[in-house]
Amino acid sequence: MGEGFPVRIELKVQWGEMDAFHHVNNATYLRWFESARIAYFEQVAANAHDVSPWVPILARATVDFRRPVTYPDTVTVEASVRKFGTTSFTMQYRLTSQAQGAVAAEGEAVVVLLDPSTSRKMPLPEALKALIAKLEGHARSAQRVHPGEARPTRG
Amino acid sequence: MGEGFPVRIELKVQWGEMDAFHHVNNATYLRWFESARIAYFEQVAANAHDVSPWVPILARATVDFRRPVTYPDTVTVEASVRKFGTTSFTMQYRLTSQAQGAVAAEGEAVVVLLDPSTSRKMPLPEALKALIAKLEGHARSAQRVHPGEARPTRG
Amino acid sequence: MGEGFPVRIELKVQWGEMDAFHHVNNATYLRWFESARIAYFEQVAANAHDVSPWVPILARATVDFRRPVTYPDTVTVEASVRKFGTTSFTMQYRLTSQAQGAVAAEGEAVVVLLDPSTSRKMPLPEALKALIAKLEGHARSAQRVHPGEARPTRG
Amino acid sequence: MGEGFPVRIELKVQWGEMDAFHHVNNATYLRWFESARIAYFEQVAANAHDVSPWVPILARATVDFRRPVTYPDTVTVEASVRKFGTTSFTMQYRLTSQAQGAVAAEGEAVVVLLDPSTSRKMPLPEALKALIAKLEGHARSAQRVHPGEARPTRG
């Protein structure tokens, strides 16, 4: 799948999210990533009428801290599904500090699907993969502007 | 009811609970009080076989901050029900810093009971009041022991 | 002072702020109130060039929970200083759920001023009171505008 | 270095740490790991009189979720430094649920050292590496007891 991030949320940094180092505490990043992950699920679920019920479980989370975030700031958190496994998929996050105009963190999550009727891992439903691919495709095409279009022509 | 605190928990202060002022952030106190409140409910519920089902709802919470708490420390959080209303009761908290050997905060909660079948306020069941009074009575007698009473006499 | 709230912030409710009761956890309200309190201080401090240095300390916090907040939602948190004491002032909060179109909580904080050079309570500087009164006055007049008064007349 | 975990803390799970899925929220794991990391630093720092000043910065954090943790429970969080880099080291965590008698999560952190005078990365001081190796060595020997030594001999 592509390079874009089809889902994006904005969150105001709260003063109380900083710890004694005067930086937003590292645990807050997982909270922020979670908010983007859930926004992603909501976008998929809105069209998932034909997908058999599934429960997403966080199996692995990684945060790469690039630069500290401090109050006041607003962060943009973007999410994208990058890879399908048999019973899981991998989500990528990008966290941008608007005050710094720079990426402050990146992250990854491995999400496993459980069948709610058995509480066991289930293979990714094809219909779900199609919905995700469609969402990701929109992100890709929004970012992959054809050279000819991108170059403004001057008479 | 009495002056004692029949329920007491101990919690280790975590470094990450401190904010940019190098003190435990004020919001954490509500978390700690909640933990004591739930420990209280558990003690009551353990004997509440004859009490009609009730759901406790926090209607009002107050914290009086006496002195800042910093890491490392362990706090003792005590809870006591001080007053019965018609559909509510008032719980009192005391938070002690073990490192400072001093009360760091006091607090109060007004807890309203909901009837789970109607989601409306319900009068305090007499059986519940009796269980609370008993728990509080134990706390009182445990703290106001007269010398003569403390010595168990054997015939 | 008036009835209005001169400072207002908006915060997105995050899914992870809900607890096992499927409501935003009560401790989060103190975090939200803190964010409004600090926004208030920032507005005052921006004009406080002539005020002797002061450190605000939270001495007492109260939350009145009116109705539960759930994800997804955005809350508006408003703050106003309602009363001056000798070494403290009282701040009032109002928390509105945009999804419910209703006040979800109200709150109060007693803030004590410390002199940073002595770490002792200090009397409220008159210049600070004037800045607060001015900020509150703007809120009042912004809300109690009579049609005729709103139009500035030029001789 | 070895397989043992020289530093171990115990933390009570708090009810309010659970989210709407009735499990402890994933962000809490980074808080818990942080508490173990800081306990580790404290043990090293207690003997680090000859080590040039260093500031540890979290560059990367990973959590592998093995099984959900629920209230009530007490978790054991263990930390160990597994690998030295040039300007960083890698810490490993193990989180055990006492109620379940099972590992609930594992984790890893890459910690970079900053020179506080320049705010730039610094090579790991040899004296620091020696202190860590000593701490890790104690853990190893404490866990690799030879059968013959483990059995207390009675005259």
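Each chain gets a letter, A, B, C and D, in the order it is written, and its residues are counted from 1.
Following the convention adopted for this analysis, a residue touches a chain if its C-beta (ideal position, glycine included) is under 8 Å from a C-beta of that chain, and two chains touch if they have at least 3 such contacts.
Everything numeric here is computed off the predicted structure, so don't read it as measured data.
Undergrad: Of all chains present, which has the mean Cα position farthest from that of subunit A?
TA: Measuring from the centre of subunit A, the most distant chain centre belongs to B.
Undergrad: Give the chain pair, either A-B or A-C, that is connected by more C-beta contacts.
TA: More C-beta contacts join the chains of A-C.
Undergrad: In whole angstrom, how far does the Cα centroid of subunit A sit from the Cα centroid of subunit D?
TA: 28
Undergrad: State, to the nearest whole Å, the distance from the C-alpha centre of subunit A to the C-alpha centre of subunit B.
TA: Distance between chain centres, rounded to whole Å: 41 Å.
Undergrad: Give, as an integer number of Å, the spacing between the C-alpha centres of subunit C and subunit A.
TA: Their C-alpha centroids are separated by 33 Å.
Undergrad: Can you list every residue of subunit A that touches 2 or more other chains, as numbers and ranges?
TA: As it turns out, subunit A has residues touching two or more other chains at 15-16, 25, 27, 31, 34, 71.
Undergrad: Please name which positions on subunit D make contact with subunit B in the complex.
TA: It is residues 9-12, 14-16, 31-32, 34-35, 38, 42, 71-72 of subunit D that touch subunit B.
Undergrad: Can you list the subunit D residues touching subunit A in their complex?
TA: Those in contact with subunit A are residues 25-31, 34, 57-65.
Undergrad: For a test of understanding, state which residues of subunit C touch subunit D in their complex under the given definition.
TA: Touch list, subunit C to subunit D: 15-16, 18-20, 22, 25, 27, 71.
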